[in-house]
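One chain, chain A, appears in both complexes that follow, with chain B as partner in the first and chain C in the second.
Our next item is the complex of A and B:
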């Protein structure tokens, strides 16, 4: 049956329902586009024949091929759109710098989209709150205190805080740090919030 | 409650499908029994499953059936799958709670709603059965999703249809959020679940 490759792409995404981004299936996409081209050419020649010779018998086949073209188009569009939704989620979960293994899963156009989305988000955040702007990716949970106790889960090297002091983040070391500096690192799993 | 950042396109409600929803695309991949009413020339040698002669019974996916179906009924005519026929409808009307809806086709409600596009004379009864089944089963789904905390619910969940499973999941996430708030964990900053999942997969990605 037609459109099997297209549904494969959708299943690939559906399997990861938590929002993870699988590798960009360039081969699959190319095969779907080739199938669409082949269907389109057949339909073109059949339509010309039906019009010039008045053979209405060809119309059901033309209709069927047209349905397949629309189906492939729907699957490809949904595939690309869902991937963009996942990439958008990455900006909110990971921050502006993505780790290499995630970037590897994105195609060139998606990387471009990501950097443009970052820019749009940054200019929006700058426009809020008067002259200073407001970082809306912070404080996802209402804060209870200015400073929090954190434990380091892995070596992250040196870390500078606002008043200039440099802290060495070694595995299992505990620190009392300002909340706004740590939030990113906690979300990335480098630090752990210790609640006593 | 972990903050959600990934918001996929939800499935459509009732007879409408959402164009970009992955769930709706998979739903419309389900096959229906149909009968061809005309010939499809020049497709036979490309695709063995499309027959040359009219009046053949075969199975086509929902998306193709919806595309080819015309009220004048010249191209295909659709038969009801057996889950929506008279026999099963009486079972559903008697006691909907004992039925394993996952086995009856994982998209019972979705496919049933889509079947209404095909102008069967039994449409009002089908619609009524779908609605009554959902209403009767909803109570149990909601009840267990709100009260099963930290338990193994797989035996219950595997008899649910996809729509009910989604409802169950959101009920559970609400319950877990409330419980963590009660314990005072709501103000604790946590690593994003997405990040943790990526890290788990990293090991397997090293395969050549």
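Our next item is the complex of A and C:
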């Protein structure tokens, strides 16, 4: 049936919720584009035939194929757009350097889009706050305090803070550190925020 | 040196610095640590918390952090040895020591630059004076200078002068020898007995009070610290009562609100109240029968390891009019009519059975509808968590669990924070909240698991005591009593930990004193050994002072163990902060004991 492959693409994205990015389904996309091309060819020939010979009976099938073409186009653009939204969220989640496995799932054009998005976000951030710029990807929720207490879950070795002091992160040691330095490590699972 | 003003000399010094907190593994230290952490959070003083279980770990932790940190705060460790010699710090490291171990080493007392003791100077210390122990080096230099001058005199007068000089020299040497002998004696007297001073948690609470940053949570932690000293028999009754009075003043200050029907506090707020409550451990979280059966005081008074004793217990319950069915079920499910006057009824009956001190002054806390705890409940629960003998947990894991159990609020895990970051559009709100609630584990749950562990521990102690007394495992070795727990004894793993073993020791000694007829044996101290690590072949040895009503809790086994180990060159490890607890190789046990007997008789 027509448009099935396009729906497959959408279903694949829908299955991976929570902002995860599945691998770029080039095969699927190519198949959809091939189907669209085939439909378009058939439509072309039918339209020519209808025009030249005046066979009105072909019109419903032309209409059907046209609808399928539109449907395919809609599905494909939805697929690509949703992927872009997820990639954008990745910048806010992971920072400007993406882990290798995520990058592997993106196609070349998406990587290019990502780097351009990064650049425009960076120039925007630089333009805020006078000459210094402001990193708006930090502190997504308003912080309650400047310093938080964290507990080390695994041996991480030495960790340097802004004023040069090096803290030794050993398993089960607790530290009271500035919030912004700890967020990365909390996300990675090395530290745990302790609320008391 | 002793700190005069704790706010100026300690708090304001560390106010803008980074600090390392080195904390010993006992409940008093945990409570003190929590109070200090809360203060540091208020003022955003950056710190690193490292739990240390012995001198070796203290040394390692110091080496790891000495490059980066200048200020070290030691809680319940470090006062009773020469810290500078042990750690060999650089000249700019400063140590703040808040320790209950006495006697404080004289070098720590008289060092002006690097060691600051967060201890009150009049806290039962009797430190020898400076001149008795330290002699200035200048005197020596002057004498030798005089001698060389005299040597250049013309030879005629020389002989007479020489004689005079020789006499003076002999006189000086004799004086020096006398001084040194007196110094050794003074130091020996000073360092002979080990005992404990005011709770570290109370010291830090006082600091918080002076800064007017004290809260009810901190007050509760200070009370738990004090109660820990009493539960583990570290301080005398007099001191306990005096300190309770101090805490009572703080409690009434915090409770002083115009609390009446209209202005009452919310039920979730924490309320601390003074209780003149029963000495039955954990009775509100257990059944009354079990609690009476497993508490040291009642068990020893009734002698519950004998049949006669159990009959007496039944009589006691019957005398109070408490039906067995009620008494054996959970305390919360007992009839209200029974619970109402329970304390008075029990006190009256126990006076008849010779238990005059069934009630003790203590404090209780109350927050929420379900959560009521006495201070001793908290101590037992946290101690059980701290020393739980699970295979996978290291000692620092247990430390963290015990530390958590002392807080009241729900714990947020890192997983929920991560999830919050990964959430993007679209997401259903219901699944988000489900995730959040299922991953939050309340600290109260941890406390309840601690209480369950404490119950097991108490039952194990009771059974071990009963079997030791019934099988006469306690032998009199002359100057002390001795007991050895065999490897096959049930629950012997529990007793490889110092606090649990000490508790067992005290319980056992009390039971022995009640059960024996030998008057001389009642005044003897007790040494107990239990297997610590079967693979390495070590035992843990604990010594406690004799049991008496007016005991001053001074323990001489620290020095005795050291000397005995030296004289027999046994392979011992004096790693614990309490010097009366050591580790010994199993093979050396008998010769060590013999040496100890000779030493003490």
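Please note the rule applied: the second predicted complex is superposed on the first by the 177 of 196 C-alpha atoms of A that agree within 3 Å, B and C clash if a C-alpha of one lies under 4 Å from a C-alpha of the other, contacts with A are read in each partner's own complex, and residues count from 1 in each chain.
One rule holds in what follows: contacts are C-beta pairs under 8 Å (C-beta built on N, C-alpha and C of every residue); 3 or more make two chains touch, one makes a residue touch a chain.
Only a predicted model underlies this, so the values are computations on that prediction, with no experimental measurement involved.
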First, second, both or neither for A:131, with chain B first and chain C second: neither
First, second, both or neither for A:77, with chain B first and chain C second: first
Which superposed partner A:64 touches (first chain B, second chain C, both, neither): first
Partner chain in contact with A:52 - chain B first, chain C second, else both or neither: neither
Contact breadth on chain A, by residue count: chain C or chain B: B
First, second, both or neither for A:142, with chain B first and chain C second: first
Overlap of chain C and chain B interfaces on chain A (superposed complexes): 17-19, 85-86, 89, 93, 140-141, 186-187, 189, 192-193, 195
Touching residues (chain side chain B, partner chain A) in the complex: 3, 5-9, 19-23, 25-26, 29, 38-43, 47, 49-50, 61, 63-64, 67-68, 75, 184-199, 201-202, 205
Complex contact set, residues of chain A against chain B: 1-2, 7, 10-11, 13-14, 17-20, 42, 46, 57-58, 60-61, 63-64, 66-68, 70-71, 74-75, 77-78, 81-82, 85-86, 88-90, 92-94, 99, 101-102, 140-144, 148, 182-183, 186-189, 192-193, 195
Complex contact set, residues of chain C against chain A: 18, 34, 37-38, 40-41, 44-51, 64-65, 67-68, 394, 396-397, 399-400, 404, 407, 409-414, 417-418, 420-425, 427
Complex contact set, residues of chain A against chain C: 17-19, 85-86, 89, 93, 140-141, 145-147, 149, 151, 153, 165-168, 170-178, 186-187, 189, 191-196
